[in-house]
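This structure is in structure tokens; I'll ask about it shortly.
We just call them A, B, C and D in the order they show up, numbering each chain from 1.
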Amino acid sequence: MNGNRFGRLFQVTTFGESHGEAMGCTISGCPAGLELSEEDIQEDLDRRKPGQSMITTSRGEPDDVSIKSGIQDGYTTGTPIGLVIQNKDARSGKYEPFITAPRPSHGDFTYSAKFGTRNWGGGGRSSARETVNWVAAGAIAKKLLAREGIELKAHVNQIGDVEAPDVSFEEIKEYSEENDVRCAHPETAAEMQELIEEYQEEGDSIGGSIYFEAQGVPVGLGAPRFDSLSARLGQAMMAVPATTAFEFGLGREAREWTGKERNDDWEFDEEGNPTPVENDHGGIQGGISSGEPIYGEVTLHAPTSIPKSQQTADWETGELKEEKVIGRHDPVLPPRGVPVVEAMLALTLVDFMLLSGRLNPDRVDDQPGEYDTDYHPSNPQNE
Amino acid sequence: MNGNRFGRLFQVTTFGESHGEAMGCTISGCPAGLELSEEDIQEDLDRRKPGQSMITTSRGEPDDVSIKSGIQDGYTTGTPIGLVIQNKDARSGKYEPFITAPRPSHGDFTYSAKFGTRNWGGGGRSSARETVNWVAAGAIAKKLLAREGIELKAHVNQIGDVEAPDVSFEEIKEYSEENDVRCAHPETAAEMQELIEEYQEEGDSIGGSIYFEAQGVPVGLGAPRFDSLSARLGQAMMAVPATTAFEFGLGREAREWTGKERNDDWEFDEEGNPTPVENDHGGIQGGISSGEPIYGEVTLHAPTSIPKSQQTADWETGELKEEKVIGRHDPVLPPRGVPVVEAMLALTLVDFMLLSGRLNPDRVDDQPGEYDTDYHPSNPQNE
Amino acid sequence: MNGNRFGRLFQVTTFGESHGEAMGCTISGCPAGLELSEEDIQEDLDRRKPGQSMITTSRGEPDDVSIKSGIQDGYTTGTPIGLVIQNKDARSGKYEPFITAPRPSHGDFTYSAKFGTRNWGGGGRSSARETVNWVAAGAIAKKLLAREGIELKAHVNQIGDVEAPDVSFEEIKEYSEENDVRCAHPETAAEMQELIEEYQEEGDSIGGSIYFEAQGVPVGLGAPRFDSLSARLGQAMMAVPATTAFEFGLGREAREWTGKERNDDWEFDEEGNPTPVENDHGGIQGGISSGEPIYGEVTLHAPTSIPKSQQTADWETGELKEEKVIGRHDPVLPPRGVPVVEAMLALTLVDFMLLSGRLNPDRVDDQPGEYDTDYHPSNPQNE
Amino acid sequence: MNGNRFGRLFQVTTFGESHGEAMGCTISGCPAGLELSEEDIQEDLDRRKPGQSMITTSRGEPDDVSIKSGIQDGYTTGTPIGLVIQNKDARSGKYEPFITAPRPSHGDFTYSAKFGTRNWGGGGRSSARETVNWVAAGAIAKKLLAREGIELKAHVNQIGDVEAPDVSFEEIKEYSEENDVRCAHPETAAEMQELIEEYQEEGDSIGGSIYFEAQGVPVGLGAPRFDSLSARLGQAMMAVPATTAFEFGLGREAREWTGKERNDDWEFDEEGNPTPVENDHGGIQGGISSGEPIYGEVTLHAPTSIPKSQQTADWETGELKEEKVIGRHDPVLPPRGVPVVEAMLALTLVDFMLLSGRLNPDRVDDQPGEYDTDYHPSNPQNE
């Protein structure tokens, strides 16, 4: 409703601005009995962290997460998990030329017009820094999904006009983290890196896209029509900062395919259940997961904050002026966007796992309704 | 949550299956004092209606809407509006080969697997017949938006590999309803028609896409991050049956643009407010409407029900079989999808108009909080 | 949000006004595979029906329910259940003196002030006729709960100053439907009847209260803090028209008890699980069900529409006037309120059964996640 | 849904356990431009604080609130407000006898049974310590309401069998904070204090109730039926820890009143609008605010944690045992419950002010839809 909450049963509620004191989120709906530590979360945060390579902003944020509640003796208690991440390297000085003049195509103008206030420090709430919360929550969702045999991964499949060839899920898992661009195809990754540095040097930035895939998703997730798996993925992915396009399966290309070409015939699997011969449908049929891998793509436009001179309109002076956005900004978004897209995918799937009753909302270890007062992960006697 | 409700403040709740007794929806959150008749709704229903041309299913449904509540003396009362549309031409016989075997790439299998039941009549709830409810609700949303100076329209911009050139909003309004394909570019419309008939003759179907645009949308709609205007449009459009891709602004192409190329410089408008020189951002900046036209595109895959022979797996007999989907089906979806896309756009926008306080949730005529006991549109004395 | 929806996973969305064409509701979130017929629903509707005795309004409404969707071959399909109930005996003539003057303590003024419109026919949406929808939806909830071994029942425990002695759950089930007042204590019922007729004769009305109890509720329902079982019961019961008080367990009396007196010691049950020695806590501890019977009480004020002369203020003429509310009204509410309170209790409990994973949201017959394509209650082959 | 969120447009999301590292909440939906400091919040926190008098727990918590986001240069920015309150004086040792045996009538058993985990430290999430979050959020709500001319206040009207006479709203404001019991009638307050100390000395505790009142509430708040003002107040108040009863207006007593007695006749106010002669309806008619003061009562049972010996069942040893709850506990709840009840009242009202469009969701200073890029409370140039 207010933009800072995602999920129906697995709910993430966030706060924080780019140059505020801290970022944070509250996760509610995580079942009890999940072993969870700050390290589990930190791993993904480090993948999203600024300053991790030459092609990311140089802002130095350790992004250390602190768990404030919801855990006892290393296990979730089923009650809300409060997370806080301090902002340590906020420097607003650089933004002064833009305090009374909006940066081109940034959220500056729309936020100021909406709220009548200029949260000028690094774009305040409109900054992609917010996604640190998503990645933290997503790491918990991933841990829950892994228990259910659901695995997911993303990688950068295009930067500018440099496009990666199709790669397998195994290749994505094996290679995507081995280069700064997070492209699972090493040769293409090198080309992308070159292209990015080129634009970076001339003070410009470039767009790109991310391919995502989830395997092991059970049949039956999704509540057509308005809450279909594709509709909720659409919301999740279009919420990712700078996203201008979302697709799954054949996506935009599907419009050039005939029904006969795109339809996937049925055969039987080992257990004798119907299973599609191919997966042109991208793992979703009639808005519900089919049991096949779910795959799709998210397009992120080029970062709007660039050191190149651009025209802006100063509402204090009433004058037009040419300004450069000095500061520490990414020349390209997909490399750091990979863990963000994975997080939104995980948050969407875990929510449907709970909504479909496939995950016990109270605790991960037992059947719903059963309870066992002997079982106490947080009971000192157990140690 | 359960898939049959859309909207936060302007809520549409639907029911109905393809071959059930009736379709229907309840609209709550529509302010009082809006003049509304069944005719207002019927107009859009007729645009979506089956059997309207040679390139739509021949199922004969008048789709007459009946308003059951929420109106008195021709004005909305601010209370829920109940709509019912009878199903008059349901014939299920044709589906029998597929009662125990799923149609390829249709929702048959996933629905049966999820609910453990085979709602075999015309696909039951998974049928696009459901969208009759969306269009009915959307017609009310459009009327509310028109009062606020918001106009919206869609047209078919591609079928198969036949793509329409860019057209203006005025052209869309003028030409899109003048041909069966609903493409605002007459020459292209003719080509599309030809292509569709070709596939239709050989018992196949074809995909396509719809371009939409909204003008007059005020600055400030959207609640970043998860409820940004783009995120909620993403959910709305990805819920449209057969949709595989959604984009706004430059969409997927944005990945090949640099920041300098895509960024829209600022100038001043007549009132001296900052306004972007161009609209490559598609009317949304930082997830919030910028005051510029909002435009985007939705891709619909080819209809899955085709008379061509396809392989399916019969779970009763445990045997594979070749079957044709006999019945009355559309050879292409965008022409009838146009009013559906418009409806989802209207429902999304009117919801944000209420959420942002730009529309008075109690009644359309006054300022929030003011009340005037003299004003009674439904008072017989007024007649 | 808009007042016509109840429930989070088991959602009821209603429409209809007292003198409109029809009442109706859509139930979404009801699992597939539940055997359901109109008769199942009708039974409870008949208990709420007007004109059923001398101490109810004489308005003659058969209240026949018609199921429009969500059922195939006698079983729920897991998709939304659309219900419609026609209004057959609406006569608005009697209300004319109150078209421009509000009835004392009725919703006339607040509705007109809020919506700027006078839905004068029988109070429109503010009429308790709306509860016909709740009872219809509640009947489905009761059927689901019965499968889980949850039984619930209410009866009238006080009218005016005539109070019934405590009765057992078995007595409530056995006797409450045997008299027009719906009091499970026959002697008291007779006194109540007398008292009601007395007030009825002198053109006045009287208040009363309803006791409710649910047995077989499993341990663990409720999501403290804001969604505790007691909080959601509070919302549900305070929504019942004319309710001015809600309590559970010792209720208001608890303020005079000490901790030692009220606390229920623990012992072991047969299975060796802790179980409270008494049930002064009313089946809810820390906002979560304890496994003990849940009991409480709802107070309904006297009907506001009475034939006695009262002063009102005419906003057209600007004059005060003395008017009697002619029409067909109940002299007392609890007797017809019993099925309404039961419905709200059932709707609240079934929602928590789904939220806690104790009820499979997809289908009633299987474990979540398991699916079995052989099972098709709606498959003609089964017949 | 998960129990840690309250509100639809003004949303409070909380985390924290009694003996965890910190408590905290996120407020979203607070309009921009509200002057807000930690002091504004601290004032109410100090009224709820433990150790403030001899009749409260001796646990020493400063309850200092820290604002992490949503504020710039002393004004709200319209983005989520993150609050954190450290837990400084948690001592769990005392609870050890109850690690494997539930305290009578406490949430120990139900929480353990639901989550399969024993969050034994001070009752973990089930502790009333959670209400520190509610009071913090409520303080912000009160500030918003005050701008709209809405004032609210509560006081203790009964402890055990000591009942206070009726007092005026002015008396409540003047006297309720002048004694430790927070009863606005000094003589009665003294009696209550005596009674409490008596029970305290004998190691027992006692129940009581709180009267609340709100003035200046505009006509038209509330969305009948399920979201009526009374229904949402019912949820809000029944969520308060230890609450067993809620009522408004005549409450439970209404069942002994006739329609003629209870109905409030209409007259005209200065502006010539209809206004009720009396306020037996408690400021709510047909579920919508009438413009009259809203008043009601909440009953809180005696604290369950008492030093008196009680029987419990040890699920580890399988044995019954007699145990005293050693620790730092309140002998009575209403005195500290007063700010909690006020907070829930404020949160409920501010939510309806937003839902009814009476409060601009974007910013407090302007009309919805208007925007003024000159206005920047957070613009350094303004300083």
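The criterion applied here is as follows: a residue touches a chain if its C-beta (ideal position, glycine included) is under 8 Å from a C-beta of that chain, and two chains touch if they have at least 3 such contacts.
For each chain, UniProt lists the protein as follows: A, B, C, D = Chorismate synthase.
Since we're looking at a predicted model, the values are computed, not measured.
Student: Applying the touch definition from the top, give me the chains sitting in contact with each of chain A and chain D.
Tutor: Under the touch definition, chain A and chain D have B, C as mutual neighbours.
Student: Any idea whether B-D or C-D has more C-beta pairs in contact?
Tutor: Taking the two pairs in turn, the one with more contacts turns out to be C-D.
Student: Computing the C-alpha centre of each chain, which chain sits at the greatest distance from chain B?
Tutor: D
Student: How many angstrom lie between the centres of chain C and chain D, each centre taken as the mean Cα position?
Tutor: 27
Student: Any idea how many Å lie between the Cα centroids of chain B and chain D?
Tutor: For chain B versus chain D, the centre distance works out to 44 Å.
Student: Going through chain D residue by residue, note those that touch at least 2 other chains and give them in order.
Tutor: In chain D, residues 1-5, 8-9, 14, 113-114, 125, 219-220, 273-274, 315, 355-356, 362, 371, 373 touch at least two other chains, as defined above.
Student: Please give the residue numbers of chain B that touch chain C in the complex, ascending.
Tutor: Spelled out, the residues of chain B in touch with chain C are 1-5, 8-9, 11, 13-17, 20-24, 26, 28-29, 32-33, 66-70, 72, 75, 77-82, 84, 99-100, 112-121, 124-125, 315-316, 362-363, 365-366, 371-381.
Student: In their shared complex, at which residues does chain A touch chain B?
Tutor: 1-6, 8, 14, 101-102, 104-111, 113-114, 123, 125-126, 130, 158-161, 199, 204-209, 219-220, 222-228, 230-239, 241, 243-252, 254-268, 272-277, 280-282, 285-291, 299-306, 308, 310-313, 315, 318, 320, 355-356
Student: Give every residue of chain C touching chain A within the complex, in rising order.
Tutor: Residues in contact with chain A: 9, 218-220, 273-274, 355-362, 367-369, 371, 373.
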